[in-house]
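Each of the two complexes below includes subunit A, the first together with subunit B, the second together with subunit C.
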Partner chain A sequence: MEDLAPKIIFWVFAALMLGSALIVVAGKNLVRSAFALLATFFSVAAFYVMLGADFLAGAQVLVYVGGILTLILFGVMLTNRIYSLELNTPRFQVVPGALVSAAIFMILVTVVRVTPWKQASIVEEGPTTARIGQALMNQYVLPFEVASVLLLIALLGAAMLVRRRTDL
Partner chain B sequence: MDRLDAVSSLKYFVPELVLVLTLIGVLLCDLISKNRAPMERRLLIVLPSLFGLLVALFFSVSIYFSASGPDPSDAQALFSNMVAFDGFGSLLRILFIFTAIIILLFTIESRELRSVHHGELLVLLLTVTVALIWMANSINLLMIYLALETVSVASYIMVGYLKTDRLSNEASLKYILFGAVSTGTMLFGLSLLYGLTGSLDLYEIRAALMSEQVVASSGPALMVIIVLVLAGIGFKTATVPFHFWCPDVYTGAPTPVTAFLSVGPKVAGFAVLVRFFYGGMASSTGEQTWTMVGSVDWQTILMGISIITMTLGNIAALLQTNLKRLFAYSSIAHAGYIMMGAVALSDRGIKAMLAYVVVYLFMNLGAFLVIIVVHNNTGSFDIKDYAGIWRRSPMLTIVMGIFLFSLMGIPPFAGFLAKWYVFAAVIQAGLVWLAVIGVLNSAIGAFYYVKILKTMFMEGSDTAEPSSKLELHPLYAVLLFVLVVPNIVGLLLWGYLDRVTEYSHKLLDVM
Partner chain C sequence: MIPLEYYLVVASALFSLGLYGMLTRKNAVNVLMAIELIFNSANINLVAFSRFVTGDTEGQVFALFVIAIAACEAAVALAIVMSLYRITKGVSLEDASVLKG
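And then the complex of A and B:
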């Protein structure tokens, strides 16, 4: 019985994630898609919790649900006549597309099943924040700094793109 | 090989630090100079950028020579095995900084960029330069991804820099869409590789792939990983089938940016290819050849990509009427030639790739400079508008002729040397027919290069003033000279280039 509970939780969240992701992609209403994305992000956070990655789960909720998604919703709702907007998503080449997707899916499933994946040793459960902080300041200090350059340049590019031509 | 921590790594990291400081400094200079006269403001951003790049170039050259000698024990892994410090990376570092200096000078008098403020463009250029260096030196999957993403994001903005130009916007958008998909694909492949080997370090990955248990049953997974990772690398190097963005982006971007994209990210992409496959998926036999690790024959995959890339690039280039588009396909074809070096699985192949990119830098940037000069005068990129250029500026025609003959690979010029290196490497590896395909492709390539030259000699019928001289800015004249001389004396520098590549290719086997 003890093994059963995590499995049920896993499948519930997996179903939630896939179902909501499908609505995001196929939905014709932009607001509905944005709210479905919320469920997707939450389900991913749930997986992080199940893997014992507490900090990652928190960051996922704060950054994606709290930050990015709220921004998307703001953008969507501030747009004029958003509720009457019908998303125009024409479908091309349905049959070939479905065949290719199915083939890729089969290949990936086969690969996942036959490959001897590296098993990580079971780590002690507990707060991961301190360990992440130490890794960022020691082993991963260069990627950490490179990421800051990347963010600086993304900020600069965003500012440049939204700026009016007159106030150069 | 030593594995250095962050503090003791810093002394090997001076050029990169200089570049990052410069880019922050230029950003600040741009902000504080806001109320000054345009010309003064221009100087306040161009001069610090140029100064920073020159200082970085000085340090990279001195590092290259002080780490001198053929002793591979100089190689270091910096920042806890994040980036390598070796001859290969040291040479490419010089190459990237030199390219950035040339491109910086290209932007100054370009007609397309005349009406826009250059501040952000130079900051972006400096960022891409330092990220290219990181990309070419990464020996860790996380660093490869981060450096590649930094290059991509900055390139998207540079391509769309002409905000009021519809083609530039379209190019930027297409670049982002293709880039996001291919980077995501590559990231998925890298995650599978991590799952298979349990490590992000390329050399630990190689060790894991060599264990018998993994070799026996990881074939399908490794195959999927290699295909997915090649999507990311192929996007950067513009090799088939990940080249679709190339013609539109090259046409829409401001020409100096196009010139930069055709050299910088492409060369860095090949550096990642070499680091990834020769660092993580092959081991040196000690006799100047390499054997593949794991159960997937990636040599054949690369060979297929190389053949399709050069053939498709050359044939599609035949049909183009816009010169920037033609050079997009020409650069795709050249990616195919460079890839041949990686197929050879030998030290000689890596040397050939290095020699090719050094020569390619000079001939391709030179050709793009001629395009910029002509566009400054005529405002057109169409080949038909090149009619009568011979009458208007014989010097420019001769210089363009030298670049084009070099791109063709005709003997007295440096391009021949590059091609000779690559073909010799694959012949030595026993792949004679691959070299034959390469030679046939060079022949196809000659058609469209000669077509440009022929048009320049033709009489310009519909030009209003056929006898008016083309204006050549003194700065561009100096740059043309700098770029054309290595193409002419290429064969004399043969021995020198050989020594440089001999030292520079010694990188990966010791680690």
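And then the complex of A and C:
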């Protein structure tokens, strides 16, 4: 019985993730797609929890749901006339796109099935926040600093791109 | 315990859906959403490998950097979408060639 519960939780979140992702990519209404993306991000955070990555699950909810999804919703609202019924987004090359992505899915599943994955002998359990913090401050301090500079540059670049031409 | 392969197959399905969205949409914001799906599927793989194959937090640190880069990418991409909208009054990627030069 206690073996069944994780399986049920896994498949519920997998179904939620893939179903909402399908709405994101195939739905007709752009606002509906943006809100379906919310369910996808939350299911991914649930996967992180199941994989024992508690800090990453928190970061996923904060950054994706709190930041990126808000940005995307701003993008949807600012670039579409929300009160007209013009939100239906055009689609093209549906059949070739579906064929290509189905073929790549088949290749990926075959690779996953035939590869003999190495299994870890020891799995470190418990909270990960302290270990991630120590790794960031010792082993990965240079990528950490580069990422902070990159965030600053992205912020400045985004502000530069959307400024009015008269402000020059 | 869910085996590693299940996580990888679900992540592959998410990746394929994101690829399908990228290939079939003309709306720039919608293509951006599909790219976010692909980022998330890659992150699931990284965390699953870190849990099952290495057994430590290395993959999680990598996934954290992917999240940070994704935030940068979303900000800059939406700024480009905004300037595209200002010029063409639309966000169709067919008109995106006006942004050059």
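Everything that follows uses one rule, which is that the second predicted complex is superposed on the first by the 139 of 168 C-alpha atoms of A that agree within 3 Å, B and C clash if a C-alpha of one lies under 4 Å from a C-alpha of the other, contacts with A are read in each partner's own complex, and residues count from 1 in each chain.
In this section, a contact is a pair of C-beta atoms (placed from the backbone, for glycine too) under 8 Å apart; a residue touches a chain by one contact, two chains touch by 3 or more.
Bear in mind the structure is a predicted one, so any value in this text is a computation, not a measurement.
Between subunit B and subunit C, more residues of subunit A are touched by C. When the two structures are aligned on the shared chain, A:12 is found in touch with neither subunit B nor subunit C.
Of the two partner chains, both subunit B and subunit C are touched by A:140. Judged by the touch definition given at the top, the superposed model places A:67 against subunit C, while subunit B stays out of reach. After overlaying the two complexes on the shared chain, residue contacts for A:149 are found with subunit B alone; subunit C is out of touch. With both structures placed on the common chain, the touch criterion links A:120 to subunit B and to subunit C. When the two complexes are laid over each other on chain A, subunit A has residues 108, 117-118, 120, 140, 143, 147, 150, 153-154, 157, 161 in contact with both subunit B and subunit C. Every residue of subunit B that touches subunit A in the complex is listed here, in rising order: 5-6, 20, 23, 27, 78-80, 82-83, 116-117, 120, 123-124, 127, 130-131, 134, 140, 142-143, 146-147, 149-150, 153-154, 156-157, 160, 163-164, 192, 195-198, 208, 213-214, 217-218, 220-221, 224.
Those residues of subunit A that touch subunit C in the shared complex are 6-7, 10, 14, 17-18, 21-22, 24-26, 30, 33-34, 37, 40-41, 44, 47-48, 50-53, 55-56, 59-60, 63-64, 67-68, 71-72, 74-76, 78-80, 89-94, 96-98, 100-102, 104-105, 108-109, 112-113, 117-124, 128, 131-132, 135-136, 140, 143, 147, 150-151, 153-155, 157-159, 161-162. Within the complex, the subunit C residues that touch subunit A are 1-2, 4-10, 12-21, 23-30, 32-34, 36-37, 40, 43-44, 47-48, 50-58, 60-61, 63-65, 67-76, 78-83, 85, 90-92. Listed in rising order, the residues of subunit A touching subunit B in the complex are 107-108, 110-111, 114-118, 120, 138-143, 146-147, 149-150, 152-154, 156-157, 160-161, 165, 168.
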